[in-house]
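Structures are listed in the sections that come next.
Paired with subunit B in one complex and with subunit C in the other, subunit A is shared by the two complexes that follow.
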Partner chain A sequence: MAAKKLSKEKVGEVLQELSKFRLITPVKSDDVVLFREIADPKEAFLEYGNSTVPPKKVVFPQTETLFRFTIGNPELREKNVEEEGTTVIFGLRPCDARAMSIVDKLFSWDYEDPYYLKRRELTTLVGMTCVQPPSINCFCTSLQGSPFGKDGLDVLLVDMGDHFLFQPLTEKGARMEETLASYLEDASPGDVERASSMEEEAKGKIVRSIDPQGIAEKLPSLWEDPLWKRVSDACLGCGICTFLCPTCHCFDMQDEVERGEGRRARMWDSCMFCEYTLHASGHNPRPTRKERTRNRISHKYSYYPKRFDVIACVGCGRCISLCPVNIDILEILEQVVEA
Partner chain B sequence: MKNPYIPYEAKILEAWYETPGDRCIKTFKVTFADDKVWETWSHRPGQCAMVGIPGVGESMFCISSSPTEKGYLRFSIMKVGKNTTAIHELEAGDTIYVRGPLGNWFPMDEWKGKNVVTIGGGIGQAPLRPVIQYIRDNRDDYGELTVIYGARTSADHCFKDEFQDMMACGDCCCHLAVDVEEENWPHFVGFVPQLLMEVSPSPENTIAVTCGPPIMIKFVLKNLEKLGFTPDQIYTTLENRMKCGIGKCGRCNVGHIYICKDGPVFSYEQIKDIPEAFA
Partner chain C sequence: MVDVSKLRETAREIISREDVRELIGYRAGTYGFRARPAFVYDPGEVDQLIFNPACVNNLATYITLEEKLPVPRGQEPDLRKVAVMVKGCDSRALVQQMAENAYERDRILVIGIPCTGVVDMDKVQARFPDVLGPGEISLEGDKFVLIFDGRREEIPKEELLADKCKRCRFPTPLVYDVLLDEEVAPFATDDYSDVEALESRSQDEKWAYWEEKFSRCIRCYSCRNVCPMCYCNDCILDRLRPQWIRRSVDISENTAFHIARAYHLAGRCIQCGECQRVCPVEIPLMELNRKLYKDVEELYDFEPGVKVDAPPLLSSYRPDDPEDFIL
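Moving on, here comes the complex of A and B:
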């Protein structure tokens, strides 16, 4: 699939064209950038670093109905995700797209999760490169990612300054190219070459890093190590590191009933919460923040790779930047390496 | 493919109390509202199901009946939380919802030709019951069956009639215990790990299966090793809080294992080096 050129002046028209689908873009809401369905292309906020809230909720909503029921009637009415319609996420960052490709493994191993996988099927991801690292805590390049990464994306828009290089990457991407054909021009031969040198330049601007080699194997051996107490002492158990993590996928299931109409829903949950593992008997296998922190790090860097062959972290740095008490996953991993 | 989050509607055929008290245990015999479900349903000893009531929730329970018992499923449920309290309110004729079968099972085929010793404590007998029933219904396929079971008092014993039946029938060796002395108790007085040493089964061509409270399991495992059982001859079940039951929601993990999907049945060999398995 050949790369095309998309002039930045035409982005408004492109968004107008895409609004025939369920169109999701970054939007600015007070000081927070998040992804939301937009009605008007002007709402799109594309000149952003990275969003505070990752776009994972588009395919894995913070709360979603699994089925509905009426008290007294045995019938269960399954939620039809298809009704949500074809969806385009326009302007997400490569790390967040890669995160979706990582989470896909969880939702499709053994039992297929019909809700998540249907949304993934309906959704086309149009990503934008990071010319500048969006955050001082970015470390995607340590984890097989790149500010120009393509994993999980259907189209990559390489920011060339006055225009984008439009690179379709998948079949969905090719269909997107057809949809937008009238807004695209042929790319100039030099652009593709320039894009690859820009990628190297962008990678070079990322300052933080970790060498993940050997961490997966080492973590289980540090089970009783005092480092877990040390690194979790400051933790408030607020769960923001998991809620804003693009690869965190844990959920709770709850029933809600109002005036005889009910639903079973699932909603994001966090391994950093006490109730997460609390047995009905009162026993809790992870009674303190020490065990919970150990599980969070081990899950991402040891259990997930053991099971799915990939680290469940993309190096977006959100958990570092947004932790209210400055707990830093890279500092924890450095202690793991040194322990 | 069927949506794995949608439970089957089922009807309670019979319900009775096994034990008294605040944390009483009640057994429910259920069948599917739609008979056709039985055509596709097949479970094996050790497997679980989510049982619940829309509007309240659902929780994971072992299926305490053997697949050789046709036309119904049994669940023996201790009243401990929100879901189990609501389930305990139900009686014969009421509707309940069942999602499963979930998880793995005891390798009954591999155990053919071997002696089997079950060591249970309290409600831990529920996952052992289908193993015992399965062997008794396929008696020629297995060697000696030894059943060791204890609870705090004789009133706290589950499946009392069935133990009496087993003792009378002679197709297995049944040993019962209560923790403390009580009047007219003709059997062992003491903890299950002690009764295990008293019975002292030979490890020769034998599988030991143990389910019960964590503290009992801990000492049973020690004692089985003293008796010469190797970790691959010992099986147990693990449990944790669960929501999805299909390896997605995350919370039931011990190490990289999801108990709901990879378990609940594990050989001691599989889990002995995972520290969180006994947390």
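Moving on, here comes the complex of A and C:
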């Protein structure tokens, strides 16, 4: 598939064209950047670093109905995800798209999650490169990612300054190219070459890093190491690091019933919460924040790579930047390496 | 400014005491200008301790956040004191916790820090986003001085100062065992003009305003967890039976959560501002807290977190308490 050129002036028209689908872009709510469905292309806020809440919530909503029921009636009325319709996420960052490709492995593993997978099937991801790292705490390049990364994306828009290089990457991307054909021009041959030198430049601007080699194997041997107490002493036990993580995917399911009408809903859960894995007996195998922090790190850097051959962290840096007490996953990993 | 060698020397003496289990202070963060809580168990660890205007965290939270696991058979509970460093605002949390009988006064050892104001780290971050650090912040006169990467920048105090410090009436701790520096005279007043601006809006305007804010809430509960006054063993937010507030995240449940959170702090919030500082989606929680604070002050002439022996507002009664707002 050949790369095309998309002039930045035409982005408004492109968004207008795409609004025939369920169109989701970064938007500004006060000073906070979030992904939301937009009705008017003017709502899109594309001059951003990265969003506070990752776009995983589009394919894995924080709360979703699985089915509805009426008390006394055995019939379950299942949610039809298809009704949500074709969805386009426009302008997400490569790390967040790569996160979805990582989470796909879990939701299509021993049990195929129909809700998640249907939504993924319906969704086309149009990503935008990071010319500048959105945060000082970005470290995607340590984890096989790149500010110009293509994993998980259907189209990559390479920011060339006054225009984008439009690179379709999948079948969905090719269909997107067809949809937008009238707005695209042929790319100049120099652009593709320039894009790869720009990628090297962008990678060079990322200042934080970790060498993940060997961490997956080492973590289980540090189960009782005093480092876990040390790194979690200041932890407040809130859900910021997990809820804002683009790869965290734990969920809970609860029935909500009112006047005989109910639904089974699933909602994000967090291994940092005190009632996570709390047994009915009152016993909790992870009774304190020490065990919970150990679980968060081990899940991402040991359990997940052992099962799926990929670390469940993309180096977006959100958990570092937004932690109220500056618990820093890179510092923890360094201590793991040194222990 | 607190002299760091004096701070460390004091900490060394305290942590060396047999009746002190741990000392909670501040140390440098991992990037930029950040500082973070430090937990010291051993005299050898005191040299990491610092205090500067980046030390924003209210460490009083950790006194009530402690996880108390059942003591194994044959072992005695560790009843040694916890030493904690507090600024003026933070000390009010200790006062209110003790006024509510959360713990006995002799369980803690308070290291008071007369404070001349802390920075709003978001403002620092916005100005210097590319500083990997470690960067240092200090206050010299009416300027914050930032030192990083061999550079020195002076920024007028007003431009980086945290909002809560702009109306701070208690810069010197109200409770302490050791005071690390001379008392700081109050340098600001609070006229509640922000609350009055909110009050003057119409109901529809207020609803539209809060609906946008609450719709962003992801219910990470960082505002609850960081709050030194949110220390119930069994919080209604975690309850499943009855489930007062559902875990589902939508505007209805989010609103219920925020109303419950604010009301549970009426007559208790001491305005340390930590909830608003930590909120990842920038919900201005202090506007709600300050509205209730002002109401409580006007209706009951009560200010929380000032006197240890003052009975908590919600557990005291006077026959002439106003009641005309009760429907």
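Here is the rule we go by: the second predicted complex is superposed on the first by the 339 of 339 C-alpha atoms of A that agree within 3 Å, B and C clash if a C-alpha of one lies under 4 Å from a C-alpha of the other, contacts with A are read in each partner's own complex, and residues count from 1 in each chain.
Here, contacts are C-beta pairs under 8 Å (C-beta built on N, C-alpha and C of every residue); 3 or more make two chains touch, one makes a residue touch a chain.
Since this is a predicted model, take the numbers as computed values, not measurements.
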* Does the subunit A-based superposition show subunit B and subunit C clashing or fitting? -> fit
* Asked: What is the contact status of A:D328 with respect to subunit B (first) and subunit C (second): first, second, both, or neither?
  -> second
* After superposition on the shared chain, which partner residues are touched by A:A2: those of subunit B (first), subunit C (second), both, or neither? -> neither
* Asked: After superposition on the shared chain, which partner residues are touched by A:A339: those of subunit B (first), subunit C (second), both, or neither?
  -> neither
* Using the superposition on chain A described above, determine whether A:F67 touches subunit B (first), subunit C (second), both, or neither. => first
* To do: Give the angle at the C-alpha centre of subunit A formed by the C-alpha centres of subunit B and subunit C in the superposed arrangement, rounded to the nearest 10 degrees.
  => 90
* In the overlay, answer first, second, both or neither for which of subunit B and subunit C A:L76 touches. => first
* Report for A:A265: first if it touches subunit B alone, second if subunit C alone, otherwise both or neither. => second
* What is the contact status of A:G239 with respect to subunit B (first) and subunit C (second): first, second, both, or neither? -> second
* Asked: For A:Q254, is the partner it touches subunit B (first), subunit C (second), both, or none of the two (neither)?
  -> both
* Structure fact -> Min C-alpha distance subunit B to subunit C after superposition on A, in Å, is 7
* On subunit A, what residues does subunit B touch that subunit C touches as well? -> 252, 254
* Quick one: in the complex, what on subunit A touches subunit C? -> 29-32, 34, 52-53, 62-63, 135-137, 207-208, 230, 233-234, 236-240, 243-244, 252, 254, 256, 265, 267-268, 270, 273-275, 287-289, 320, 322, 324-326, 328, 330-331
* Structure fact -> As the complex stands, subunit B meets subunit A at residues 1, 3-7, 9, 33, 54-59, 80-84, 95, 97, 214, 239-241, 243-244, 246-251, 253-256, 261, 275-276, 279
* In their shared complex, at which residues does subunit C touch subunit A? -> 29-32, 34-39, 57, 61-62, 65, 67, 69, 129-132, 212-213, 215-216, 218-222, 224-226, 238, 240, 243, 246-250, 274, 277-278, 280-282
* Structure fact -> In the complex, the residues of subunit A that touch subunit B are 66-67, 69, 71, 74, 76, 78, 106-107, 109-115, 220, 223-224, 249-255, 257, 262, 264, 266, 269, 271, 276-281, 283, 285-286, 291, 295, 298-299, 302-304, 306-307
